[in-house]
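Each of the two complexes below includes subunit A, the first together with subunit B, the second together with subunit C.
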Partner chain A sequence: MMNSDLLYSPTLESAQPQKLDSFLDRIGELINGGYQPLAFFGTDEKLIYALMGRPQELELICTAFPASSQYPSLTPEFPAFHIFERELYEEYEIVPLNHPWLKGLRHPSHGAVKFEDYPFFKSDSRLIHEVGVGPVHAGVIEPGHFRFLMQGEIVEHLEIQLGYQHRGLIGLLCDGPLISKMPLAETIAGDTVIGHGTAFCRLVESLAESSPEANDIRILLLEMERVAMHLSTLSALAGDVAYIMSQNLFAALRTTVINATLSICGSRFGKRALCVGGVNYPLNKTLIDTLKVKMQKCAVQIKYTSEAMFASNSLLSRFDDTGKVSHEDALRFGFTGISAKASGVAVDARADYPIWAYPGFEVQTVASGDVYARAYLRYKEIMQSLHIIQEVLEQIDPAAPIQAALKELVPGKIAISIVEGARGRIVHIAKSKDADKALWYRIIDPSLTNWQALAMAVAGEQVSDFPLCNKSFDLSYCGSDL
Partner chain B sequence: MLNFFQARIRHGYQAIPDPLTVGIDSAFPGLPELAEDADLTLLNELCPTKAFEDDGLDLGRCIFCGLCSRKYPEMVTFTPNYKMAADSRQKLIMAPGQRTLPRMDFVLPRQFRYSFALRSVSAAGCNACEMELGASNNVNFDISRYGVDIVASPRHADALILTGPISHNMADALSETWHAIPEPKYLILCGTCAISGGLFAGSEAIDRAFLKHWQPCLYIPGCPAHPLSIISAIVSIMRGSK
Partner chain C sequence: MINILSIIFFPLLFMGIIHRVKAIMVGRKGKSLWQNQRDFFKLLQKDEVLSQSATIISRMAPALSLAATITAALFVPFLSTKAVLSFRGDFILVMYLFTLSKGIMALAAMDSGSSFQGMGTSRELSFTAFLEPAFFLIIAALILSVGAGSLSAIFALQNVVSAGIWNVFASLFIAIALYIILLVESCRVPFDDPATHLELTMIHEVMVLDYSGFSLAVIHYTGALKIFIYASLISHLIIPPYSSAVWYLLVLAIVYIFTGVLESLMARFRMNRNLELVLVPLSIAMLTLTILLVLNTGVW
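Right, the complex of A and B next:
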């Protein structure tokens, strides 16, 4: 049962530039009215855009680049802007005055300063020593640098320097016909292929004013991706506290789920599955029935494994009260996904900007804001997603068309696409240049804003709990670095 | 406690008995085959990474997106053969009519036959190859049964396994990690991005100078490389291909 009124696919006429003062005032008004910044960026049109949103409502405003190349920073009052303002500073040399920690974000150099020479926050206290970790880590993970200011074993401050994964992806997206960029969209974050892929497809479809086929298969794949990623995190969390049984059981369950994704499209990560206009591979009756049985079996096994794990005292003594993020901070910094929901903030694009009807959907939250909350919430979300998967599998019609004919892009149009990926709210926003290219394209991966949550969670913790805290957020490096 | 036993019993035995010969879902796009009369120019126009050359399909550039095989199924088929690896760049090119990759000549010295330690470096990989490399050592695939370990320090490593197209920002860290590995040492490229830069080959943020100085001994294609491809490739240079 699809109610198309519920589906959220906003397109906006090019917003009219406002004066800088009224632009900044408007942002303040919106935030006080319960809005959050979903995106804030500059473009080559010499405009600064702010996309503000609260459930079911979006507002896009813009202003011309200030003539003096500076403006009073929004960060001191609204800290959610801190990373966006650094991005704007790096890309367009616009200085947000009084930004508390202004430096480049991800480019190989900023002006005369090279990436490797970026300053780190320092302390002159004789009690403080520094610990640097990365960019190459001990495990098989993406690179990033963590600089700790330590007092004994206790972390006083953590500064996270990313950018090592910067591949210049945005530039490549705008270079050539947008429709040919599907494989590139699948590599925005290789573990969120369907999340970013769906956001990309829906954005291009909006720019072309076409409606896609096979929405149900996309939603199926999206929820399977969420289940797989949460299982991967739960496995690693169990491994980090040497609870080996769950580490192996969850890893095997993840294999079952991603192998099921492979049986649909050929890739364990869902690469190849999506295309602008629909999906590339249909689901036949046999495959649908196999998936139903497989996912049902997984649900039972996940329930047993999780309940055994969350009843283990030795595991709980490591998870409980470790790496806390307060409800207020989660709101002020605009965290999304698990990072927010585990601190009791009910943000979820599936409820706020739904692209599917999701009958009876309720945002799952846990209030305590610690590693336990983020782990237990993943379990709750897995069960919820498995339920959605069964519902979607019931609805899929194997005979339905899977690809819609494509139209050309409408030149000069701005479109927005919001999808709840496994890590939180994925926002894609772009303006078309002509019938096939984008003038600009911005991607806001949930990790970009959520990394700050990790820095705040480890403050006051023992440094030995850092790997556990890091894994409990399980953020994307390349999604932030693009 | 009951849950614990129920979970353990249902888990059963998850390890793949023999990852070197196990079959894989027929949906998996493995080693491609080109028809004798395949129009390579036509295929190359379609290809997002321009992987079709004058003499065939370059697996080092192919991202296995399947665009060509969906549009021209009579010219290109991806078989579910996961054994795709080569010891030289040239051997990764599948000519029209070719059914297997050439035999690998490279074999590690005898002391690595039962013990081979890898240091993984991700240099702007999208985390798909990284997760597949991690999965190679999970309960299902269990590469450590062959004596292959992924170690935390380059000082303990015999080889560096590289994923990702090598961003400018990772170039120094990659080089430093490589120099910290004691001799004798080997370089393995895992995934299409590492082998050719993949979709990012033309990006200004990429710096592949490292590969001008150092010669890889093993190329494992895939986007991402499947754990079974990774395992069969690494074991074949340890034991020698028969």
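Right, the complex of A and C next:
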């Protein structure tokens, strides 16, 4: 295992405010050195932070708010910053000059940037017509608005507008003792309970400079969540092209997996499974053995079902070459998780910032960047996760303690925790205020950056393929709405 | 009389077969064959909500569409090979009653003022444009084969075991062409997915998106009746003339079961490839017509 210390205390010495010029220059240097922006945000201390990372290395830099409330935008040169700069602009009214599409992100009621002031991208061409979908959708889906500029059946441009949920999550996390926020952290994205839960726990533990127990049980739950989510996406993908065979079989298999999670912690989505300092429920010998057998069986069934699905010509004719994201775009825009790996970009927090040994771990990628790539990659990742699950189950010691005693937070400390959730890299970063509260807390869900991938994938595609493309990314609305 | 009873009872019942087969194919138990009837009566009792921009067209369309389809059904042979109404050349009326039914629904879809419905209408009508000539060419081929008459007579007389090897081919080809027309007209997989909730991928469903309650029940029944008409024509095309109703029901059931199996084993086509396949019945009909022409005129 690599130096896990890195995860607990990255080079925070450099987190002293720099001059704006040197801050921007440093970001340029880092990106040219292979770094990606993991987070970029303003805080109430009137500081702009940038968390940059490349495999096994993190660097946190910051600068004071510019006196003129404006600075030259990083986006034209490094598009990965586009969504972060919009967020910064909305929250603190700092204008990134020359940002190509400066518009609010979540439209909080108190923000000076009003929704009405920012129209959707329009075209005056008489050949183009607009179709708006949402924010209320057919089916039980979260709210989000999709504005298509279409020429006939072809999508010329898609603009995605989220921010209808106004959950105020960031504020709530800082309001009251951080340790009591576990239930809130589990709802950051309801289908990534373990992903965000683990990130939250590790962050608090790191702020308190204590080390948790039962890390392997967390890893087990995390991988089971990944398997369950990938299965549900594969099921929905098959459903979107009316291939009901795989739709039903994958849905049934997902139930098997989430029921296994249920047998561990009493919740199919893993709620209440984690706690700061460890986990809430021990695994006994019988349960470990049952899980081993169950997951083994599951692996065989998933293999057969997937092989049948990926051999179906009618399904492949829908998946192949639909909704392409190029390798260059995936790199430039800093996509993470499935969205990047399906375009051949090997980013995976389990390899880059591991929180467990993961013996023999190799980042799974598929090169083609289309719906097929994202579907097939999910299958590959499921098999990989099932393998990891067997390894973890092998290592779990039923007699080991499952909770460490809680310590107080170290005031004024910045901590970072990075976890690879099913959708991609989850980054939590926070600064402690006193012994139990956070001064600020930021969450960067993979969906925030990856929604752009969807907009790029559907450009030039048939509008009727949009739902399929959308599902192939399977992004979270609430993960971005916070 | 027996045909009128068929028109009333069979369409929704046979739709149940497709749902049941699909469920069994994927390992579920599936809903009862009578569930469609129950849903129908449940919907009949419900209130309706209409779009604010809806005019009288939206209100009248489902009923008019149903009326047109039922009138068309009166000319079609069902359990009894003798249709309720028939006259020489009635197939032209039947075809245009279908078109009328669809045209009214298209108008109603535009009437609701939703951008989705316009999109669905343009998709659906683009298919109809190719199906209409296909249907007429099929009829033309049949007339060449068995002589002119009414729709019921033509379909009752033509069959796979009647005179000549070429007639057998012609019947089978026409059955295939009619079956593809059935799939397209009734919006089944692989052309359309009746189960989807995604407006952007819908064809027929999106046209009726704004309907609820009584109108929706009427629309569901009209759709079921349409499949039933095409399936009956296929069935009569295949079975020998004046054979017992049991054979008719058997072939009918096979058509429905086959549809269920097909839907379970296939994904939908990509929208832009649909048109290619809609052209298939047209091509088949032309091919069959050519074969029969050559045969009958004795050129070959």
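The rule is short, and it goes like this: the second predicted complex is superposed on the first by the 458 of 482 C-alpha atoms of A that agree within 3 Å, B and C clash if a C-alpha of one lies under 4 Å from a C-alpha of the other, contacts with A are read in each partner's own complex, and residues count from 1 in each chain.
In this text, contacts are C-beta pairs under 8 Å (C-beta built on N, C-alpha and C of every residue); 3 or more make two chains touch, one makes a residue touch a chain.
Keep in mind that this is a model prediction, so the values were computed, not measured.
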Which of subunit B and subunit C A:259 touches, first, second, both or neither: first
Subunit B versus subunit C as contact partner of A:311, first or second or both or neither: first
Contacts of A:138 with subunit B and subunit C, given as first, second, both or neither: both
Contacts of A:240 with subunit B and subunit C, given as first, second, both or neither: second
Touching partner for A:301 - first (subunit B), second (subunit C), both, neither: first
Which superposed partner A:248 touches (first subunit B, second subunit C, both, neither): both
Partner chain(s) touched by A:271 [first = subunit B, second = subunit C, both, neither]: first
First, second, both or neither for A:33, with subunit B first and subunit C second: neither
Per-residue contact with subunit A, leading partner among subunit C and subunit B: B
Contacts on subunit A seen with subunit B and repeated with subunit C across the two complexes: 138-139, 245, 248-249, 252
Touching residues on subunit A, where the partner in the complex is subunit B: 106-108, 115-116, 135-136, 138-143, 163-169, 171-172, 180, 182-184, 187-191, 193, 232, 245, 248-249, 251-252, 255, 259, 262-269, 271-272, 280-281, 300-301, 304-305, 307-308, 311, 476-478, 481
In the complex, subunit C residues that touch subunit A: 22, 25-28, 115-116, 119, 123, 189-190, 193, 195-201, 209, 263-273
Touch list for subunit A against partner subunit C, complex: 129-133, 138-139, 153, 238, 240-245, 247-249, 252, 312, 314-315, 317-318, 322, 462-468
Subunit A-touching residues of subunit B, taken from the complex the two chains share: 1, 3-4, 6-8, 10-11, 14, 25, 27-29, 48-49, 63-66, 70, 78, 120-135, 138-140, 150, 152-153, 164-165, 167-170, 172-174, 177, 198-200, 202-206, 223-224, 226
